[in-house]
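Sending over a structure as structure tokens; questions will come in a sec.
Which chain is which? They are A, B, C and D, in the order written, and residues in each are numbered from 1.
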Amino acid sequence: MTVRILYFASLREALGTSGETLDLPPGVATTGALRDHIAARGEPWLQLARAKNLRCAVNQAMVGFDAAVKAGDEVAFFPPVTGG
Amino acid sequence: MTVRILYFASLREALGTSGETLDLPPGVATTGALRDHIAARGEPWLQLARAKNLRCAVNQAMVGFDAAVKAGDEVAFFPPVTGG
Amino acid sequence: MSVSVQEADFDVGAEIAALTAGNVDAGAVASFVGLVRGGTIEAMTLEHYPAMTGKALDDIVAEARQRWELLGVRVIHRVGRLLPGDRIVLVAVASTHRQAAFEACEFIMDYLKTRAPFWKREETAAGGRWVDARDSDDEALRRWAE
Amino acid sequence: MSVSVQEADFDVGAEIAALTAGNVDAGAVASFVGLVRGGTIEAMTLEHYPAMTGKALDDIVAEARQRWELLGVRVIHRVGRLLPGDRIVLVAVASTHRQAAFEACEFIMDYLKTRAPFWKREETAAGGRWVDARDSDDEALRRWAE
């Protein structure tokens, strides 16, 4: 049971990858917990903890860091958007 | 010493004329006094007194009915504008 | 040339593009197009006060340029007889950022609607009638009072 | 089709005209065009989150249609590498009266700027850098809160 994780823009560059597939560890049930779980790997993943105004989306909808994450979800982390 | 007077839109139609040249009578020194002077002719000129929200301009600038009128001026009377 | 009063139609895309051509600071163009609505209306004739119209529009544009930092302004207002679906007016405003462009565009439309000497006469199957001024246009103007 | 995300440029005049074609109630079209500013910027690359972008824009348009009585909405956002003066985004809104058209157009732009997953990367002579989000865009969004 895995989640698909995507990184965009400056975060993608800082991490050196546009995404990964991750086994959802026991006890990791929110976007915030997932962020902390990945950041705990150390550099460069600490970017996720350090990033000012980090945003996230679950299944292509923007959510907060208390949003539920479950197996099969697509979770995206990215900096504030700057289109338009 | 005369003033040029112009009428527009529904007022022009009601009066049956788009304008006239008028000797400025003694004592008529404002747009309001000029309006009353013309309306005093009776029908159809009473339209000028009756018109709801009559507007006026002196020398192509919108003004109130206390604005000064002097010989040589172009004075226009018209209903509220509806362009755009 | 920022203001035109004319019988001819205009090319919205070309006017908007011309407003920012060669201006590297222009990041935003807000614009408005007013059209003749149909329904019972078969035609609409726009009368104006030729000696005053251009001056009134110039004054409105000058006032907008005093209030906001604008890089370009274009106002075109048609006169004469128009049919449903025809364009009546274009206001387009270029600025560095969108807020100034939007505000100035609305400001110019609100002033134009209440201060520029145009009058609309509608033709319907029942005959012709002069369009009444809308109270909401006077209300819209009030928000710009300082 | 009201929302497009594409590399290709778009025809502002044609899009605005198409929005009201055949709709006799449409009296007003407000629109916004965003452009790449020049100066020190030599190019700008728009990255996006393809699976989410169309959905985010559809949601923004649906929200605008709930808040205002709209007759047509068109949103086009470009992605990829653009040069100074290039168009980035078009938002055009048709309604019966101008107030709804203006408000909905600004609303869509404010939401797009803060909720649609696009990111700009500028290239200058000194190298590339990701554009920072502007606090003023978050402030602009707040005025629509109920």
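To be clear about the criterion, contacts are C-beta pairs under 8 Å (C-beta built on N, C-alpha and C of every residue); 3 or more make two chains touch, one makes a residue touch a chain.
Quick caveat: nothing in here was measured; it's all calculated off a predicted structure.
Engineer: So which chains are sitting against subunit A and subunit C at once?
Structural biologist: Common contact partners of subunit A and subunit C, which must touch each of the two, are D.
Engineer: So how far apart, in whole Å, are subunit C and subunit D when each is placed at the average of its C-alpha atoms?
Structural biologist: Roughly 22 Å separates the two chain centres.
Engineer: Between subunit A and subunit B, what's the gap in Å when you average each chain's C-alpha atoms?
Structural biologist: One centre to the other, that is 72 Å.
Engineer: Whole-Å distance, subunit A centre to subunit D centre, using C-alpha means?
Structural biologist: That gives a centre separation of 26 Å.
Engineer: Just give me the whole-number Å value for how far the CA centre of subunit B lies from that of subunit D.
Structural biologist: That gives a centre separation of 48 Å.
Engineer: At which residue positions does subunit A touch at least two other chains?
Structural biologist: In subunit A, no residue touches two or more other chains.
Engineer: Hey, what residues on subunit D touch two or more of the other chains?
Structural biologist: Residues 34, 98, 109 of subunit D each touch two or more of the other chains.
Engineer: Taking all chains into account, which pairs touch?
Structural biologist: Once each pair is checked, the touching ones are A-D, B-C, C-D.
Engineer: Can you check the complex and tell me which residues of subunit C touch subunit B?
Structural biologist: Per the stated touch rule, the residues are 34, 46-49, 51-52, 55-56, 77, 88-89, 109, 112-121, 130-133.
Engineer: For the complex, which residues does subunit D have touching subunit C?
Structural biologist: For subunit D paired with subunit C, touching residues are 11-14, 16-17, 20-22, 24-39, 84-85, 96-99, 101-102, 105-106, 109, 136, 140.
Engineer: Going by the contact rule set out above, which residues of subunit B touch subunit C in the complex?
Structural biologist: 6, 8-10, 13, 53, 57, 60-62, 74, 76, 78-84
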